[in-house]
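Each of the next two complexes has chain A plus one more chain, namely chain B in the first and chain C in the second.
This part shows the complex of A and B:
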């Protein structure tokens, strides 16, 4: 196999990375702007937007809501998706493929359509502008991701290892607890991280469900730039970027560790 | 008195069954939709016996093993252990040791934990588990690798862990699914001897699934040859090799020449205008196929005094040296070509391409089957 990449290939990849990352990286200098409106390059430098951040009670409140929401949504996603993925990957039953297609269908629908549909249903049953309402709405988007990742993790796990366990006297529940679950840990970590990030970043569907009583950080940031032009959002974005990188790094470390321990 | 008698009879039958058949498959059938994977299979395995299920891939041998283990359910038929029907029992309650082709070790556990798993399921005490695990690892000579993970072991070592894991629970029956086919040739020979040795020492009833006739012939007390889901023949290695019941069995267990001919009597056939004596019990009249193993044919120079064997004159059209044997192709007059194998050795006379020779083989080495073979 060819090991060294050619120079033109390296240049194309470098350009792609610049194209993808430049807007994100621009946020960093902008957050240290001394101006009262967003411009690049800033005419002066200061940390005043970082100082102003903790004082913005709306954004801070929305941050806590988003964090709590992401934690609850992630937990529920795993609790639902792990048994569902197991059933779909391991148990033969009528309509199995249809069910899997149905479960993962929201991935293919435009978020705006989903948001509108959720709004129509939720208005009738009083879930708009409530925490449970947001949880349910986010689950619609996070479940397909979690299910897909977990089903893939299960399908790469050799079935014979489970059969060996049962031939050694393990009941189906014990097989799942002692063999299946530990072996699908990398998949579970990946599914959890994905569900967490999807929920934490979700804007479109949240826009339909939030209200005066409850709001999320992405929605508030969106509203903020709609009415104001100062670089406060840049400072907030820096924290979001660092937070996301932290989650990805944690996953990488855990997955890496798990691969070291788990793969035969 | 009247009430006692039937009980005595039942007991006598039960003990009879115990000494006769440890594992008994009766009219076993497995159907996947329209496809019959296993059809009317009846095999009876004696206590302490090592029996092979031998056949090409897709012949239903692994399906049969999975039905015995409880990993697949039979469409119909019975599976009895010590006379007791076990099909209502789930896999985890069948008490069978299973070794997979892929070994299927638990990758997240050490060798020691892998072997201990079955004992933990049986709720043995910690001390007892430690003792038995150590003993089982000693049996397969892996005591020094107890703390390793499966991925740190070679294929042969993994294979031994799988064997120890299956044996440590002292199962009533050991099931081996192509356990040697992932090993290289040298290691396979070694493990063949080792598995047979362990099986004999423990006296454990064993079902061995394989597609390799050498494994089956060299390791097993009896062989059940399967063909397209059906039992083609069951018997000792000698039965299978020397007296194959069908052309399929004859061809599957080793190289063999085929000669189209006509049966003239119970122990004679004609091929062209030659007459050959046969093993007997052949189809009397009509078209037949005679089969002769290449290494049972001797090549002699023309003019060698006749003996009471079959003889045919021919010309060597190919001679291939394969180290331990020489493979010849010999064209007989009349268009038939026979493969002949002779062992190489200093005192033997070797023939060359184009040599005019005569072939000799014993009557009983001439197997006769119906013409459709």
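This part shows the complex of A and C:
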């Protein structure tokens, strides 16, 4: 590469990176504020907002709901998307591409539109403010991601091993269980991590489905920021960011983030 | 943007298992039908109903809500504001993202993956958290105002959020990763030898940028602009929190009409309007791409 990045250009780009990363990074010092309101830089430092977190029953309750929801949604996403991805990537049938387009189409709709559409239908069948309602609403957005990642993983898989297994007399189900599934593991891990993060972070669609009986963490954080201005959300955000980093590290270890995101 | 062009390439090896296909795709088909197809059709149907004061809805077939959106100056201004603000956001996002993408494209391979990771990582942090970060920076007692007051440039805090400016800054930053990734995808066509050739023939650095680098990377620019425009029109959390109820955009109005005012027919027809704007953006994009070829 002959075109080198000159020093002034490097400085400009460094400043742009500061702009890009500042909001996330400033959450860390903010969480150690000793003030009762949002003021930066804080006039004193303390860990009182971390101490206050466990006492906030609304946020803690919402956290458990969100974790349970993300686990259920991730499990169902894999159980539903793996067979579908297998059919789409491995079997030639009429309407294959149309169906793939249909199954990934929910990603093309803005979540505010999808949320309203789901509200209109779910009100009529009693799914608003219920756990199954939230699961169904989240599946709409996690399934397209899971399907895409899994179908890509399957279509890049060498098929000679599967052919060998079946020519040696293994039934199709055995081939799938003993050969295809283990070979797909990196794709499954990436799909699971993506489904988990999308479900755990989903806020707009959830806003339409939550109610007095059930609420999620992103919705409660949104409401908190909307109505009050104190550093509590910063302390909560630190845990969210660290949790995300943990999930990303797991994916990175298994298959490499660039590969997972680039192909998703 | 279209789902079909990312469909996995047909694998040469296929199991003869056509009989079990319905069984394999039945679960995803059921979820898709219950929470996507049915709701979308219901939304279209809802936009043709008549709202009655107090949140009641009369089942009928009328274009009344569409007519009121098209004739009421409040909604015309709302649509114009949304398109205008999101166009400016798209322009600034491009302006701030292009140098980063170009830098990463030219960087040493050993730095490339780290820099790419730095671009991707904000995408994984919740929009609520990133918007909250902007309140820390732009709030009345935030970082910028502390610097301005401390330096004596102003003696009253400057209003940086709860207005168009705050929404713009927040959305530009939140959408930058999408733009950078689109640009980087389009930079594959950029052969460094062409820039070299231009410079060895006497072109200045800026001339090379305008006459060689930018034209060659135009497809990536078009893709990034389409993506950021569409995402900014549909974003809700950031305009709501940084606008503080004072910035009226299509997405925030859809939410208010459906949750606060319970005027579902109107919210539904505004949603349809968003989809029409999406379609228009897509048409502009495909025209631009065709013109570039």
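Operating definition for what follows: the second predicted complex is superposed on the first by the 235 of 264 C-alpha atoms of A that agree within 3 Å, B and C clash if a C-alpha of one lies under 4 Å from a C-alpha of the other, contacts with A are read in each partner's own complex, and residues count from 1 in each chain.
Criterion: a residue touches a chain if its C-beta (ideal position, glycine included) is under 8 Å from a C-beta of that chain, and two chains touch if they have at least 3 such contacts.
Computed from a prediction, not measured in an experiment: that's the story for all the values here.
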Do chain B and chain C fit side by side on chain A after the overlay, or clash? fit
Of the partners chain B and chain C, which touch A:52 in the superposed model: first, second, both, neither? neither
Regarding the shared-chain residue A:67, is it in contact with chain B (first), chain C (second), both, or neither? neither
Is A:163 in contact with chain B, with chain C, with both, or with neither (first, second, both, neither)? both
After the superposition on A, what does A:171 contact: first (chain B), second (chain C), both or neither? first
Tell me which touches more residues of chain A here: chain C or chain B. C
Return first, second, both or neither, reflecting whether A:179 touches chain B, chain C, both chains, or no partner chain. first
Reported in degrees to the nearest 10, the CA-centre angle with chain A in the middle and chain B, chain C at the ends is 100
Using only CA atoms and the superposition described at the top, report the least gap between chain B and chain C in Å. 8
I'd like to check the shared interface: which positions of chain A are touched by both chain B and chain C across the two complexes? 163, 172, 261
In the complex, go through chain B and note every residue touching chain A. 69-71, 90-98, 100, 102, 104-108, 117-118, 121-122, 149-151, 162, 165-166, 169
Per the touch rule, the chain A residues reaching chain C in their complex are 1-5, 9-10, 12-13, 16-17, 19-27, 30, 37-41, 79-81, 83-84, 86-93, 97, 99-114, 116-122, 136-137, 139-140, 143-144, 147-148, 151-152, 154-155, 159, 162-163, 172, 197, 201, 203-204, 207-208, 218, 221-222, 225-226, 229, 233-234, 237, 240-241, 244, 247-248, 257-258, 261
Residue numbers of chain C touching chain A in their complex, please. 1-4, 6-15, 17-18, 20-21, 23-25, 27-29, 31-32, 34-36, 38-40, 42-43, 46, 96, 99-100, 103, 106-107, 113, 116-122, 124-137, 139, 141-143, 146, 173, 176-177, 192-193, 195-196, 230, 233-234, 236-237, 240-241, 251, 254-255, 258-259, 264, 267-268, 271, 274-275, 278
Give every residue of chain A touching chain B within the complex, in rising order. 158, 160-161, 163-172, 174-175, 178-179, 182-183, 261-264
